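When the chains are written out, they are named A, B, C, D, E and F in that same order, and each has its own residue count from 1.
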Amino acid sequence: MPMLLSGADWATALVFVPLLAALACFLVPRAAGWLGLLAALLILLATLGLVQGLLADGPLRVAVGGWGAPLGIDLWADGLSAALLLMTSLVGLGVSVYAPGYFAAHPEQRRWFWPLWLLLWTALNGLYLSADLFNLYVMLEVLGLSAAALTALSGSATALNAAMRYLLVSLLGSAAYLLGVALLYHGYGTVDIALLGERIEAGAVATTALLVMSTGLLLKTALLPFHFWLPPAHGSAPAPVSALLSALVIKASFYLLLRLWLDLFSGLGGLLSALLPELLGLLGAAAVLWGSVQALRQRRLKLLIAYSTVAQIGYLFLAFPLAGAQVNALAWRAVLYLALAHGLAKAAMFLSAGSLLQFAGHDRIADLDRAVQRLPLTLTAFVLGGISIMGLPPSGGFVGKWLLLESAFTQGRWGLAIVVLLGGVLAAGYVFKVVGYAFTPTEIAQEGEAVPLTMQWSALLLAFGAILLGFSAPWLWPLLEVGAPFMQPVAEIGMAALKEIGAIPAAVVTGSGMLEAEILAGSEVGTGRETWIGAAP
Amino acid sequence: MLVSLLSVALLVAGAVFFLAGTLGLLRFPDVYTRLHALTKADNLGLGLMVLGLMLQAESLAAAGKLLFIWLLLLAASATAGQLVASWAQGKGIAPWRG
Amino acid sequence: MAWLSLLPLAIDLVLALTLLWLAWRALTSPDLFRAVVLFIALGLVLGLVWVRLDAVDIALAEIALGAGVTGALLLAALAKLQPAESQTDEVAMMAPIALRLPIALLLIALLTGLGLVVWQLWVPAPGLSNLVDARLDEAGVAYPVTAVLLNFRGYDTLLELAVLLLALIGVWSLSTAPHLGDEEPEPALAALSRLLAPLMILVAAYLVWVGAYAPGGAFQAGSVLGAAGVLLRLSGWRLSLSATGWPLRLVLVLGVAVFAFIGLAVIGFGQPLLGYPQGWAKPAILTIELAATLSIGAILAALFIGGRP
Amino acid sequence: MMPTIDAALPPNAWLPLLVLASSLLPGLVIFFLAERRYWTRTLLNLAGSLVKLMLVGAMLWGVFHQQQYAASLPLLPGLDLVLRVRPLSLLFLALSAGLWLLTTLYAIGYLEDSPNRSRFFGFFSLCVTATVGVAMAGNLLTFLLFFELLTLTTYPLVVHRGTEEARRAGQIYLAHTVIAGALLLAGTVWLYTLAGTLTFTTQGFVADLVEGHRWSLIAIFVLLIIGVGVKAALVPLQSWLPRAMVAPAPVSALLHAVAVVKAGAFGIVLIVYDVFGVEVAAELGVTKPLALVAAFTILYGSLRALFQDNLKRRLAFSTVSQVSYIVLGVAIVGPLATVGGLVHLVHQGVMKITLFFCAGNLAETLGIHQVSEMNGVGRRMPWTMLAFSIGVFGMIGLPPVAGFISKWYLGLGALEAGLHWPLFVLAGSSLLNAAYFLPILHRAWFCEPPEAWPEERDFGGKKETAWLLLLPPLVTAALSLLIGLFASMPFTPLEWARLIAEREFYQP
Amino acid sequence: MNSVLVFALAGVGLIGLGLYGLLVQRHLLRKVLAFNVISSGIFLLLAGLARRAPGAEPDPVPQAMVLTGIVVAVAATALALAMMLALRSATGRTRLKDHGDED
Amino acid sequence: MPTDQQQTIAETPFPAGAFAAALAWRLFVFALLWWLLTSGQQAAALFGVPFVAAAALLSALARFRPRADAATLSPVAPLSLLRLIGFFLWHSLLGGVDVALRAFRHPLPLQPDLIDYPLRLPPGPATVLMSGLVSLMPGTLSVICEDHLRVHVLDRHGHWHQDLERLERRIGAVYRLAGF
């Protein structure tokens, strides 16, 4: 790509293209579909530009208005944000291609879908690019309001009920987050994450901020026991919206949580920052099991997928107890893979469900057979997405689970490993529950509505994306090194645990092995993996 | 000096009317009569206070502003009074009779 | 005369307790109408509190938006819920006592903690005010709050305008509700509206103008303008059909659009995003504020009316 | 995204990839073909299988002459997907490539006019892709990948009929294989965290770890063996296999002879030899229990087969039994036993597929599903029953059919290892084989045929059945006879198994 | 003890009352009220503490943040009320269904 | 919004001259107001121009907005207006004193009642002005203002009827109505 534009320009485009497109769609509803598609393409282009810039020049910091933190607001992009932005643009493009077909049958919804979705997109991109806690609050609110409005789009009683609940939960979550921001500002005199990271120290203020912000974000991320709002909301929204909610929206609050944890709170020390990861891991494990079992019990396809999301969110939190001990943070990479793969795969699954729903007029799993047989591409998309959700090779989900398991085994966390595996088995159960019915024709002949090819192919390509993600390591890992988002002070507990395990042969350079070897030999050991990672600062 | 004395006197008078209005609000028996207290005594009180303040005002503009505020309040108070009264009438509230 | 120095504190304590009492009553009052009225009263008292805290801007915004617009929205919603909702069964509308008690206890525990933290924060700290003061000259406006709002942290404000627009789009996307009833308004109210609406335009313009060096600004002005729109609407004004289409929508997006346009256009002059060139800050800010005021007013009025055009 | 081929690799990286592609691409194209495009589909199928066969032949020649074939694709830092063709791979490759061609021919005949043929052949091709992938896997990760892919692609074949029964069988199959897959994954990752590599090497790669991690290694071994043992239908993990008999006959043939069960058995071979190294495994003390499990499975399968009236179920239990011969050969530590086990991989495949083809022919032509319905069928379908009889003799282990060679080497291997009990297992199993197979032959050849067959189809004229149905079993029957007769010629399975044992596992 | 602290603590109190209302009350209008009370409490905390420095001008940054917050709260309230009305016209209810899976 | 709120096209011919006069008058008033608000700042004057114009235009449009019940419109009579203001100020003073006195007395000297007063003024601005002023006069509070005025009086035996008549006359004069 010609580097006519700087990274800052691309970052600007990432926020302003969807924002202006939203305005344009609101102004000219008739052209909304094309405008949205155009915006989606531009955003993808901008994301690629940004990624290119990051790979070439390292992490990006833009002082909006030229003021610079702490007075002004800074944008910040590193490998972590870039990866999520990339996933967002891919899913966003997929949904934008899908939506015209889906909403052709619902012109009234179509009119509002586009501006709301593009505003949602603005918030997502803005959130991934912001380094300012208060700016992040505003982004969270844009995100929450647009997501709730989108949820209610179909106007059905169920959807409205779900959307209302979602809205309240979302508002409460943002409020809790804002409370934390208030405490941090008055404690440390800035809301810039990087500056705060330098200034923050253990104490009541930081601890309380950590607790309220985490609670708020967990509420939005729908980690068990805060998951109650998610299945009805994701299950009753229009399919493209469900895809967005499941694939993207919960990732945003999770990202923020991760960011806060990595940059602000993980180094605090003290009882809480030792216990909280364990608690999160425990909740994550519970979510994996509970969500999967619930998904298995569902009779409606979209609810099944929604509960699957509850389970997959659990996976994201399994990394917290694992991450503390490793300097190159295998577990965080695992989480990132899982998040990206889940984004692509879940979007594909919800979009497929939408196609089936449109074709059959319902989404009762047991009666979907004909619809499925008439839409083989859609079924393929569903299954490919399912493969990634199950964590079968070579999908992105597989790589994520592999890294998670590797991390768990290295640290001897058998319980977590078992949860990871069990979750995969249960996921196979619910995915193949659908597939099994699909291959079993019932007698009722169903003739359905035609489903445009754009709907089928967009889902399929997203599903392929989830699979191909498994092969992305050669360029994804260097990208993730930009800005070294996962670097953190190694907790002493972690070091002790590593020595206790002592299992890593020095010749083999796994993540923790490298550390071990360095400790033992006091010199750089560089083979295999290290050449990939590059020298992290 | 004279002006400021007059100003203080006006302010005190205004305060007295405010007090009277408040007393009326508390003592009067029903919604209509209380509205009387509000609309008249308080308007007069405010008017006198505005007059008092206008005497102290630094500029003509500031004085005009004060006057303007009073006029607005008059209009609002009259309208509000009528709206509340008609609402009470609509709800079938009969006037108090000694 | 030591007690005299305690007098302000006593006033503050009374205000604080009033706040809490009003909030409690607003949340537990069995009658919804009363609850809403108490809530509006809470907003007004909060306005006083903000004045006590030397935050006149927030006081204005609180009264105009927090109490005024929110109150109006609540009352309008309540009116649409009537009459079925006027008599509410308190018991059914609350969680069972077995649930309430633990929740209350838990909250008390949590808030005691939070209170202790706030107590800890009671160390005088300048925050960013020194920094703001130091660079106020470059900001284009002399009033620090406006400088923060439209220049230092203008990006937030831009998005905040987007939030408002977003809320309106959301409301329109939901609304199956018809327009506000077309019945002839009270003559007295109509007359007042005709009198007040033009004045409100002037007041709004004044608030924008004054925001450059004193409390005031686009949001307060916008809410005044919104109130004017509501009043006009109540007094029987209707937009003609031709105006409810794209012209109306244009006004609604104007704030965000102008803000974004200026913010992006400066890049062409070698400035950073939303970084106004030397000397152009004040006109840029005023332009943005005017557009924003117009949009905010229109959006607030539209939010109040509720039904989509 | 195209698989990026590392430029440093030798040019013959393409051959393994082409082997994969020769079934993958036709498979993908077939999915999109309309049902009525019979000839296009057939052409694609046959072209694919012929090309694959030729490629395998080429590699067979090359490997014999010490050529290297390998391709890799990076997945994670330090962890690649690797395809590497070794003598052991070729044994399985040749078997699956050869039998795929025949099964395809057979399936074309078998599924004539049935619905969803494009879907069927699509998955059929993918299934073979997965199988050859398993065969060529150069490390445990790649093995895992193709092993799971095999699960996924066989599931649609198992439930192909679309009946409620088929769906349930599919769920059971999945439940088994998915849980097994999870255990396999667990073992693999655990091993990786200990060893830091997963690359198959002929002496295993865990020798250094025995000192410090004996119990971990044993646990990993158990995990891995259970992981692949489900597909290999080791008792007690076998219960999916008889249920999966609801699938159409070509699928059964595929499951039993070409792909699934064989992949499981092949996995056990890989784990014992290439992951742990047979000596390390013996030192860990895990081979003996494995041998016992295999022995038990052999006897159990045979016993259960005795009591099945349903022909395909009887064959299924026979498979349970026969596949464990391979495991037994692996678990008895010694070159001769290894040769016996490996050669049985091929022999059992060729013989069992013959039996399934014939069973399918009976079902398709005459509607015969039960053994009790087979009276006098030899007169109605002599060629089919001839092929069947050859298969049966091989199963029992009568010379000169291939099965004899396997049992012979297994027995010799046991003696070489100083063990006697396997001989009794072999003898007992042969007796049991005879007990459940010979009555069938007796009925077919010597009993009077009934008035009418359950559901007879006319294939025109005096034809026994469609030639596409008859040809494959005849070919495989002939093959099982030939590889038994000429066992010591070069390039026969036996010779190749010896080559493997010498070159790979028991290097001097 | 001075007025800033008094109001900050009052803010904490408002947060508590609002949370209680949000959790305990079922009528959606009350929940919206409760949300607004919570917000007010947080604003009070955020901007109240901005005047900690004795004698100096209050810190303008939190004030600007609170202004933003108030606008966001109004927007959220408007959307929530509209949603409540839509829910009511669709179901006749003004409270959330407890088990929202099937309607 | 004020700027694009367009009144629906009137069927009756638009009184252009009267409109222009009303507009000019309003421009003056609002400009004065702006000057008051901004305390005469020079820089603010320019900024205020469009808003003064908008406000004046809106107000004028509101005045001339066609209405089914509207009487013919004519410009107000300035002199009568001044007299009305004087009358009003005096009486509002009286009204305030009156209420204050009543509030302080014991027992309450109240004999309130609702009475109806038949209006002679035509419906429209005049009536509205009437009803607003009634509320600020001593002892009276307008409750309903339709074709008749319903008034709440503090003292039903007082001379409220004469007061109302005088007020009505003066208002009629301001609006140059026939018969006043």
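Methods note: contacts are C-beta pairs under 8 Å (C-beta built on N, C-alpha and C of every residue); 3 or more make two chains touch, one makes a residue touch a chain.
These are the chains along with the protein names UniProt gives them: A = Oxidoreductase; B = Monovalent cation/H(+) antiporter subunit G; E = Na+/H+ antiporter subunit C; F = Cation transporter.
Computed from a predicted model, the values in this text were never measured in an experiment.
J.: Among the remaining chains, which ones contact both chain C and chain E?
T.: Touching chain C as well as chain E, we find A.
J.: Chains shared as neighbours by chain A and chain E?
T.: In this structure, the chains that contact chain E and also chain A are C.
J.: Indicate, using Cα centroids, the chain positioned nearest the centre of all protein chains shown.
T.: A
J.: Rounded to a whole Å, what is the gap between the Cα centroids of chain B and chain D?
T.: 100
J.: Report the inter-centroid distance (CA atoms only) between chain C and chain F in whole Å.
T.: The answer is 32 Å.
J.: What whole-Å value do you get for the distance between chain B and chain E if each is reduced to the mean of its CA atoms?
T.: Here chain B and chain E have centroids separated by 34 Å.
J.: Could you list which residues of chain A touch at least two other chains?
T.: Residue numbers touching two or more other chains: 134, 138, 141, 145, 148-149, 152, 155, 160, 179, 183, 185-186.
J.: Can you tell me which residues of chain E touch two or more of the remaining chains?
T.: 15, 45, 49-50, 52, 61-62, 65, 68, 72, 75-76, 79, 83-84, 86
J.: Hey, what residues on chain C touch two or more of the other chains?
T.: In chain C, the residues touching two or more other chains are 114, 121, 125-128, 132, 152-153, 156, 160, 163, 166-167, 170, 174, 176, 188, 191, 195, 199.
J.: By the document's touch rule, what are all the touching chain pairs in this structure?
T.: A-C, A-D, A-E, B-C, B-F, C-E, C-F
J.: Under the definition above, what is the set of chain B residues touching chain C in their complex?
T.: For this pair, the touching residues of chain B are 72, 75-76, 78-79, 82-83, 86.
J.: Chain E touches which residues of chain C in the complex?
T.: Against chain E, the touching part of chain C is residues 8-9, 12-13, 15-17, 19-20, 23-24, 26-28, 32, 35-36, 39, 42-43, 46, 49-50, 52-55, 57-58, 61-62, 65-66, 69-70, 73-74, 76-78, 80-81, 85, 88, 92-95, 99-100, 103-104, 107-108, 110-111, 114-115, 118-119, 121-129, 132-133, 144-145, 147-149, 152-153, 156-157, 160, 163-164, 166-168, 170-171, 174-177, 217, 219, 300, 303, 306.
J.: Across the complex, what residues on chain A touch chain C?
T.: Those in contact with chain C are residues 8-9, 12, 16, 19-20, 22-23, 26-28, 62-67, 70-73, 109, 111-112, 115-116, 119, 122, 126, 134-135, 138-139, 141-142, 145-146, 148-149, 152-153, 155, 160, 179, 183, 185-187, 189-190, 203-205, 208, 212.
J.: Would you tell me which residues of chain D are touching chain A in their complex?
T.: Residues 1, 3-4, 31, 73-78, 81, 116, 119, 141, 144-145, 148-149, 152, 155-156, 159-160, 162-164, 166-167, 170-171, 174-175, 178-179, 181-183, 185-186, 189-190, 192-197, 208, 212-213.
J.: Would you tell me which residues of chain C are touching chain B in their complex?
T.: Per the touch definition, chain C meets chain B at residues 186, 188-189, 191-192, 195-196, 199.
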